[in-house]
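There are two complexes below, and they share chain A, which is joined by chain B in the first and by chain C in the second.
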Partner chain A sequence: MNRLGKISTFQMFAVLLLSRIIALFTFMLPSTSYLPSGDRIITVIPVIIIELVFTAIVIFSLKNCGNKNIISAASDISSVLGKAVSVAYALCFIWFAGIAVSRFELFISTVMFPNSELYLMTVILLSAAFYASLKGPEAIGRASTILSVLLGLSIIFILISVTDEFEFTNLKPILTQGLTPILRFSFYISTRTVELITILVIAPIIKGNIKRMTASWVVFFGALTMVILFVLAGVTGEYGDDQIFPLYTLTVIAKFGIFERLDDILTGLWVLCAFIQVSFLIFLSYFSLKQSYKKAKKIPVSFICTSGVFAVYLTTSQTVTSFSEIIGSFAQDILFIVLISVLPLLITAINFIRKRKSA
Partner chain B sequence: MKKAVSTILIIVFLLLTLNSCGEIEIVELNERLIIEAIGIDKENGKYNVTIEGLDSFTAGTDSSNISGEQLTKCYLFEGETIGMAMNSISVITGQIPLFSQARILIIGKDTAKNYLSEALDFFRREYTTRTDILIAVADGKASDIVSADFGKNVSAGKILEAALSSYKYTGISVYIPIYKFLNNAMNESDAAYCPLITVKDNEYTKKKEIEILGTAVIGKNSDTMLSPEQTQALTIINNDSENGDMTIDTTKGKCTLEIIDSSSRIKTEIINEKAVFDIKTKIKCDIPEFQSETFSGLTKSDTEKIAQIAAKQLTNIISATITEFYINKNFDIFNFDRRINLKDSIFYSKHLEKGGNFNSLSVFNISVEVSVRRIGKVILEKE
Partner chain C sequence: MNKNTSEEKQYFTGNIKTDSNAVKNAFGGSFDLIAREILFGKTPIYIFIIDGMCDEIKIIEGVIKPLTEIYPETNSKNLNDKIQKRLFKGTSVKLRRTVEEAALDIIMGNLVLIADGETEAVSFPLQGFPKKAVNEPQTEQNERGSQEAFTDNFKDNTTLLRRRLRTPSLTIRQITLGKTSNTPALICYLSDRVSSELLDKITKRIDKIDLDAVLGSGYIRPFIDNRHPSFFTDTGITERPDTFASMLLEGRVGIIVDGTPYALIVPYLFIDYFHAVDDYLSSPYYALFMRVLRIVCFIIASTLPGAFVAICLFHPEIMPADIMYGISAATSKTPFPIMIEALTIHFIYEIVREAGLRMPRSVGHAVSIVGALVIGDAAVTAGLIAAPMLIIVALTAISSSVIVKLHEPVAIMRFGFILIGGFTGLYGIMLGIGLMLIDICSVSPYGIPFSAPVSPFVLKAQSDVLLRRNWTKFKKKKLIQGMKF
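Let's look at the complex of A and B:
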């Protein structure tokens, strides 16, 4: 395990932040447009609550596994179960990485190279991500720390730049359609937070207090999202409601003195964020398999995982805009809940019963 | 092994990047038509799109720059939709259009009145157009403005952008990027507004020049226009501009006031099924000119009197503008309906469902406070 290197909680925080920010703000799902901007802003609160519940389940499961991750805990019960669980998590990470690449390609082919299909760029991104995944979590963590500082400064700069354009009359009242759509949408967003699932697997190589790190990440990211959505609504009003890349739209509007193309600066950072997210997920998919298949070789297995990501990208890229509508939200919700709560709790419960019996 | 993988990857990257192969097409600058201004008119069921583009074929050659015949060229494209008209750009010019540099979009008055959502959908949806491109309505045809001769090597797009940017100093025109215009146009109760412009002859240079006539307001079913004076009231209420000028008559002479700073606060309350708006405006002014017959100076009480007259004059203009456009014509260019919605969404929804308008339910208390900061280079006289 030590050969893979360790990642500090601060670095892990940065990795999760970059992964989540690119997932949420470079692609706003079509369903969001059905919520008025006021409701969309307060959706963050139930999202934080739901994610904190998921965090509690993750931490509870990890605590009861000792210093192991959920795959090792499953292997303790049975090697077949361990292998099945490791494959399930690896496939989950490959799936989310593939979707991330598809969305990234959509973003790049919209704002950088309009109307193009960028297989080549995707291959380059995946090759770089594959290489970075071989370097292990520490290298990814270090790169994320630097990048998160740059991204944080860029976002602050952009938010300050658009304050002149902010109008309170662009905001919408909250709860005009009742609580149900807000709760439904919160659940929709929460059940796509793959970053929480990653904690279940990567926990043994994190140095520091995982509980504090994960909870603070959930709250911090929620607060950041709220601020961005608030500024977006105040600046763009109705226009911003149907923008597929909301933060990018904000950067196009942002101007600071002679700097009129802040969007170009941020586009470069988005590319690096996508690289971090995909590298991290490829590493995790290899790491998941390594837990049960001890003889798994790093380079070939990582390469197979990267190929899997490319296959998901090829399958989903043509319909990525309407993908969530096509496959149905329900299937993905169930899959997420199984991986983040049902499976860990089941494994924890079985281990607990076994311990009591043996005692 | 790691070294081998690294070496292979570096070689692959170098091969791919240095050869520029793959599906990313490299487009040279002279293959691009860099668009400066776009004009849209609809005639006989077809869209006429007038484009002003930089003449990149001559750019970079001996005849380029200021010695060239023209810095920009104008083209007219026709199509059943704007997208179709835009697609024919490459057919006619042999160049690929680059919309991201376009500075201004002008829509003919009739087209804006009758086909606004049709005409703007391309600019809302198409990836390559900018979110912050300026928008204006032409008093007549947009093509007349985009293709006007403003002088040798003068880009219409740049001239128009500069003219519209004058709002900062004059306060009698509005500055509306397309996202703001669409925000107003897409709202359920609002009316979208933007500058109304035309071109006229300059009798000295014999070239064309821009004239800002006021503000065009395009509602859901009708349209109207604000004069420059009414536009000033609009920009003051909406906090869109901090500067401007105004002239007032006093018993001692005519006085010009230069607005240095302006801010408005609108407090909304729902009282007895009525929306009550308290509009409080604070304006700081300088006096750059006071026309009297005897070079007489200004005393402290004179400046106070001037401030009072100016406040009264502005109150009247603001009140008249609100009455004419919101109460009488029902154009919510001041966002009063949105304020009602933010204050009491139940009251708002109840009246909206009834199909009622809020103008008849609204009461306005307007107060303007003007303070004179400087009286120019001349000293303040004793009383």
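Let's look at the complex of A and C:
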């Protein structure tokens, strides 16, 4: 474990922040659903509550595993179960990394290189992410800390730059369509991200209080999202409601001095965020497999995982519509629920029963 | 530390003829080995020196005269004892039992004396070879600080260091490197500040150096450097005794190699590349400004040409319309694609720089004229190069002169960024920056992250990262000491 290095809670916070911000703000809504901007702002509150519930499950499971992660706990029950769980989590991370690459490619092909085949770009991104994943969680964590500061400053700069465009008349009344669409959308947002699942696996190499870090990250990110959505709603009005790249839309409108738009600042940071997210997920897929397959070699296994990510990208990256159908599918809900709550709770329960019996 | 071979050692026998011949044979008949036989009373004595390596006045006044005139000893018993006690009282006289040890001392500039009937040679440190005087720093000039730089002679360098750190805790350990060159080197540290773990690690790495010759500090740098392949080296180089002393005050370890004025410092962090002596001699706010300026220069020097190519080829909408029209009008008249143009001009710039470094100083002005007029003005007038590109190259060149210590990685990365910017636009540039960041963050020389104290953030060490605290509050430098990982 020591050879892999450790990551501090502060660095982990930064990694999760970059990972979530690109996942959420690059592709916010499935193109088929609609939620007015006012309702979208208050969606953040149920999202925070749902995520805190999932956080509680994650922390409860980890607490009952001792200082181990969920894969090691499964291996304690049976080596076959351990191997199955490690493969399940590795595949989950490969899937989410592939989705991240597809989402990013759709963004790039829309805003940077319209009408271009971006396979070469994707190969370059994955090669860079593969290299970064080999450097381990410490390097990714340290780089994320620096990038999250840059990202934070850029977001503040962009938000200040659009204050002139802010119109209170653009804000819509809330709850015009009732509570159900809000709750459905909250659940949708909460179950399309991988960050909380990563905690279940990476916990043993995090230095510090994981519970405090995860809870504060959920609340901080919720607050940040609320601010961005509020400004977005005030600046773009109805136009922003059906934008699939909401923060990007904001930067196109923003002006500063002689610069007519600030979208390139965001695009540049987006590339770095995607790079960090994919690197981290490739590392985690290797790390998951390493837990049960002790002889797994870092470079070949990471390379296979990276190839898996490329395969997922090729499958999922077609059009915005097909992509939104894939990530909006019911299977995605099931995948998330199983990996974040069913499997950890099941392993915890079996371990608990075994301990009772042996006592 | 000395890498003796497994050959059998030849011990002194006590027979003056056999022993003196053995020493002569060790040098294979070198013309500069001076062997003189004199009489100490009635006892024959051989003196060995290398011509030009010893101080002649000291030899005559301190050895020849006392032996032949002042102490005409008749009793030939315990000669070595008498010689040691009477000649050069107080100097570090050493007794050598083997011919190899004695030969090594002679090479180092010692005078070796063999007396008939004695099975040990006496070695006196009487070095006095011609050496360069203490000069001004060549690559680390400053405005208000000391104007002294290290010299090629390691003993002069210890004096320069001792004059700055007048404390007994300054420990200087001598080692010998290179099986054939037998180069003296010094490991320097402050015993009350350096961590024993760090010292052990560095000493172990130095012990593993298995080179035939060490002719400069650059030879041992790869052995001390962190083993990860990385653009940036985590071993610092300085020619300034004051910078060296300040690094030791922070708990670091320094290595001085004889024959080179550039000393090594380990561990060396990324942020150290942006610090200069003047930062500590000017006001804190000005030091902050200069440090930020250096970081900006590093970014400009490595990424500006690549970003310019990327913007011109893929993202012209970034720039305000008037500027963009001007640039596109200029670049449209040149025959080469902008990426090739950028690569060519930077390659020419590197040629001019290398020429400036290697050529005799007397023709320096000629190269400047060729560089500025022929390559610059004439190429633009002839329509071979666009003027905006020349401005970018000039800005890049000036910026890289601000961060001289980073020239090696920056020069290589610049070409990489031009290529990646030309093929993939800002997308590739940002990915390149990401990789560079990962590269910086992945190295942990001797357990201290190269990217510290910025990431991981170390609050205690922030008094001297970007902002340097005022000296009234900044009593003790603690950069390395404050970091525990």
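Everything below uses one rule, namely that the second predicted complex is superposed on the first by the 348 of 359 C-alpha atoms of A that agree within 3 Å, B and C clash if a C-alpha of one lies under 4 Å from a C-alpha of the other, contacts with A are read in each partner's own complex, and residues count from 1 in each chain.
Keep in mind that, in the parts below, a contact is a pair of C-beta atoms (placed from the backbone, for glycine too) under 8 Å apart; a residue touches a chain by one contact, two chains touch by 3 or more.
As the structure is a computational prediction, the values presented were derived from the model and not from experiment.
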{"item": "Which superposed partner A:A331 touches (first chain B, second chain C, both, neither)", "value": "neither"}
{"item": "Partner chain(s) touched by A:T145 [first = chain B, second = chain C, both, neither]", "value": "second"}
{"item": "First, second, both or neither for A:A359, with chain B first and chain C second", "value": "neither"}
{"item": "Touched partner set for A:I276, first chain B, second chain C, both or neither", "value": "second"}
{"item": "Which superposed partner A:Y131 touches (first chain B, second chain C, both, neither)", "value": "both"}
{"item": "Chain B versus chain C as contact partner of A:I299, first or second or both or neither", "value": "first"}
{"item": "Touched partner set for A:I108, first chain B, second chain C, both or neither", "value": "second"}
{"item": "Partner chain(s) touched by A:M121 [first = chain B, second = chain C, both, neither]", "value": "both"}
{"item": "Doubly contacted residues of chain A, that is, touched by chain B and again by chain C", "value": "113, 120-121, 124, 131"}
{"item": "Touching residues (chain side chain B, partner chain A) in the complex", "value": "1-2, 5-6, 9, 12-13, 16, 21-25, 124, 127-128, 130-132, 177, 179-180, 182-183, 186-187, 335, 338-339, 341-342, 345, 348-349"}
{"item": "Complex contact set, residues of chain A against chain C", "value": "8, 10-11, 108, 112-113, 120-121, 124-125, 128, 131-132, 135-136, 138-140, 142-143, 145-147, 258-261, 264, 267-269, 271-272, 275-276, 279"}
{"item": "Touching residues on chain A, where the partner in the complex is chain B", "value": "110-111, 113-121, 124, 127, 131, 134, 167-173, 176, 236-240, 249, 252-253, 255, 299"}
{"item": "Chain C to chain A touching residues, read off their complex", "value": "314-315, 317-318, 320, 424-431, 433-435, 437-442, 444, 449, 451, 454-457"}
